[in-house]
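Chains here go by letter, A, B, C and D, matching the order in which they are written, and residues are numbered from 1 within each.
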Amino acid sequence: MIDKRVASLGEAIAGIKSGDAVMIGGFGSSGIPFELIEALRLHGADDLTIISNNAGSHEIGIATLLRDRLVRKVVCTYPRSQGSVWFEKLYEEGAIELELMPQGTFAERMRAAGAGLGGFFTPTGYGTKLADGKETREIDGVGYVLEPPLKADVALIKAHKADKWGNLAYNTAGRNFNPVMAMAADLTVAEVEHIVELGELDPESVATPGIFVDRVVAQEGIV
Amino acid sequence: MTRLEPAQMAERLAQDIPDGSYVNLGIGMPVMVANYVPEGREVIYHSENGILGVGPTPEPGTEDPDLINAAKQYVTLIKGGCYFDTADSFAMMRGGHLDIAVLGGFQVSADGNLANWATDNEKYPPAVGGAMDLSVGAKTVYVLMRHTTKDGEPKILDTCTYPLTGTGVVSRIYTDLAVIEITENGPRVVELFGDNSFEDVQAVTGTRLLPPAA
Amino acid sequence: MIDKRVASLGEAIAGIKSGDAVMIGGFGSSGIPFELIEALRLHGADDLTIISNNAGSHEIGIATLLRDRLVRKVVCTYPRSQGSVWFEKLYEEGAIELELMPQGTFAERMRAAGAGLGGFFTPTGYGTKLADGKETREIDGVGYVLEPPLKADVALIKAHKADKWGNLAYNTAGRNFNPVMAMAADLTVAEVEHIVELGELDPESVATPGIFVDRVVAQEGIV
Amino acid sequence: MTRLEPAQMAERLAQDIPDGSYVNLGIGMPVMVANYVPEGREVIYHSENGILGVGPTPEPGTEDPDLINAAKQYVTLIKGGCYFDTADSFAMMRGGHLDIAVLGGFQVSADGNLANWATDNEKYPPAVGGAMDLSVGAKTVYVLMRHTTKDGEPKILDTCTYPLTGTGVVSRIYTDLAVIEITENGPRVVELFGDNSFEDVQAVTGTRLLPPAA
């Protein structure tokens, strides 16, 4: 029988290893799996590559992984936000590697990984510093940059509701990167506010079908 | 010389947003444009994080923690709005479906190149977000920025010195002094604010401007 | 004010010209804009390129466009179905051109067009006849085919409900190709069973945001 | 020689579908597999037109005209199922998310090439549908087909003579005579039905088979 629910945050992140590439959903403070991040911080793995739109701010979420020096590299689009002091400190120290890309390219690269594509040509970034060293091509008079898929070992995502098969429904703009990350990782773990009975989610508004999800954990209220 | 305040600059730009437009307003001064769209025009605002139909700031106490805009401020959804994921949101942006993007700018070149995401300060971490996708994807890109830097240096130049966001993407620049259109022949002043003369504006511009058409 | 509703099927398809490339949503008999197709048949345009998963069957839908010899070319994945007699007849006569491709490539090419991408590498079809003459590349040991975006002048799509801003909600598997086609055409026209008030559609289950839709027409019951 | 009927072939294959699998069943004989998955195993069926959780045929009179499977037959949605568009459906298929695809076959080669979408009859219009995406995308591809054509010609060959669907994609072939696994060393018989001998099966096969492991 298919039951992806796990009983604790610890079980939810079991198996993450030092050196892993970890996608973390969310945009700003919206749709972020704060409890999974806290569990990851306490888990013991380090030398992580964090793939997330932002690089944390203040003393919560991704910022705490940076503060505790568990992160070797950040792959993101917008590391600098109000209160992103830990990222800025490590960056100035040269203690962290940054791979920066346009946000649409970031989302599309993860989707390509999840969709089994080998790469795509995007006009975004053509003629800019972010295309340096990349293959480019002119197609029908427009310049494009070839971008490869972006995969991860683990995706930690956040949804509003889940059922035991891992179907996910989101709340408003909390959806953001969570659906594409769910597709693009070997192991996808979803933190949710509510676990509901099978059949309670509207089949027309399941934005992440359960096939993309390996584990579901209910929030414990730890952060 | 007449120098518009940011709110006045935003108000001027807002006059050029047609009824029925789908619009993305960049972080900073551009978001002020929403306050000045003339009565009777229906405009739908897009936010890169997956919202079409961004509404006003919620009443205190009614904020939805997930419902924020690109500047990470709490917003609401208007009736007829909807949500989608980031891949779909950027498909919308990059695919030419937005009518207008209003972006801030560090520099704009005579041929419509835009620099608005990084300076030449290597210590400071760069951040690009959705700026490049918007600049290349929206049908029309308006830049809303002061005519010169705080130090009085021109921001409209022969060539951008800061890293580019997009090449040949800017249609119009709305500054505190004038409205300038990027044409095939170069940047043309299409409107001078107050008593500003063409020569006044040319004097603080780093590239040759064309005078208003007769 | 934004009001994409039009009063009749005739208004809905106004402007379609002979020689246009027309996407038509649907899979089998599900999610097909039968009334728009009938309006197109009576409209007078010919020499059309029809882009649709199937090539019609029996004496309804796309089959009637073929029967009336309004179609120069069919771009599809599965032209042969039970009752696809008109397609088979024209094909045998050499009276119709066929561009065939794998179904995932078909969907992804339309999505690429809608998403502003210049093309993508897919593993599907690599090493087969359907990759003949196409650029291929080995990436990390896997063979891929480069596929270009697929656009159209017009998309005729079918949804369950719409509001006046063109937001669309679908019924069950009637969704199929309709959302990607809505993105990929210069003019997108939606035939719907119900037009509802603004705000009545659940913002979490709008599968086609109104920005992709130009005209909405309610079914008239003509087919 | 023992020759299983189609239902028996489907039943045999169904034994090898593990509990908890996400499975796509091709048009024709493969759809029969759903009838024989052993009790107590929960299997979720995918349909290329945008369904995860395909359920049984609806009661007469309760059909939803939009709710059909890839073979265009009316189906239902099970509790816990959901809908998505075709681009998302094929992302699922091509992206390696389905555990098993069960496909019909015209021919399979010794190295696991599959031909199942076109013959060499040029008059007859070709049709490919989702076959190529499934063959290349599912984690495991099982082929369910008769061992020989109606005319007794072998369908398991050194090299396919019909146009290929995918190269090196087939894991196992379930025929009316035997179960054959494609290994690095070539096709190996892993099970012989009834009193069929290895030599019987080899005699109607167009490529050299490896005998069952001791």
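Keep this in mind: contacts are C-beta pairs under 8 Å (C-beta built on N, C-alpha and C of every residue); 3 or more make two chains touch, one makes a residue touch a chain.
The chain list, named the UniProt way, goes like this: A, C = 3-oxoadipate CoA-transferase subunit A protein; B, D = 3-oxoadipate CoA-transferase subunit B protein.
Remember, it's a predicted structure, so these values are computed and weren't measured experimentally.
Starting from the defined contact criterion, work out which chains touch chain B and chain C both, please.
A
Using mean C-alpha positions as chain centres, tell me how far chain A is from chain B in Å, no decimals.
Here the centre of chain B sits 29 Å away from the centre of chain A.
Please work out the Cα centroid separation of chain B and chain D, and write it as a whole number of Å.
From the centre of chain B to the centre of chain D is 54 Å.
Counting only Cα atoms for the centres, state how far chain A is from chain C in Å.
33
Could you list which residues of chain B touch at least two other chains?
Expected reply: 77, 83-84, 90, 93-94, 136-137.
Could you list which residues of chain A touch at least two other chains?
Where chain A meets two or more other chains at a single residue, that happens at 108, 111, 115-117, 122-123, 170, 172, 203-204, 207.
If you connect every pair of chains that touch, what shape comes out? Choose line, ring, star, complete or other.
Chain contacts: none of line, ring, star or complete; other.
All pairs of touching chains?
Every pair of chains in contact is listed here: A-B, A-C, A-D, B-C, C-D.
Over in the complex, which chain D residues touch chain A? Could you list them?
Against chain A, the touching part of chain D is residues 19-20, 22, 42, 44, 46, 52-53, 77, 79-84, 90-92, 94-98, 136-137.
If you look only at chain C, which of its residues touch chain A in the complex?
108, 112, 115-123, 137, 139, 142, 144, 148, 169-170, 172, 202-205, 207
Given the complex with chain B, which residues does chain A contribute to the contact?
27-31, 53, 77-82, 87-88, 91-92, 98, 100-105, 107-108, 110-111, 122-130, 143, 170-180, 207
Which chain D residues qualify as touching chain C in the complex?
Residues in contact with chain C: 47-51, 64-68, 72, 77, 83-87, 89-90, 93-94, 118, 123-133, 136-137, 163-167.
Give every residue of chain A touching chain D within the complex, in rising order.
So the residues of chain A in touch with chain D come to 1-2, 111, 113-117, 163-165, 167, 183, 198-199, 201, 203-204, 206, 209-212.
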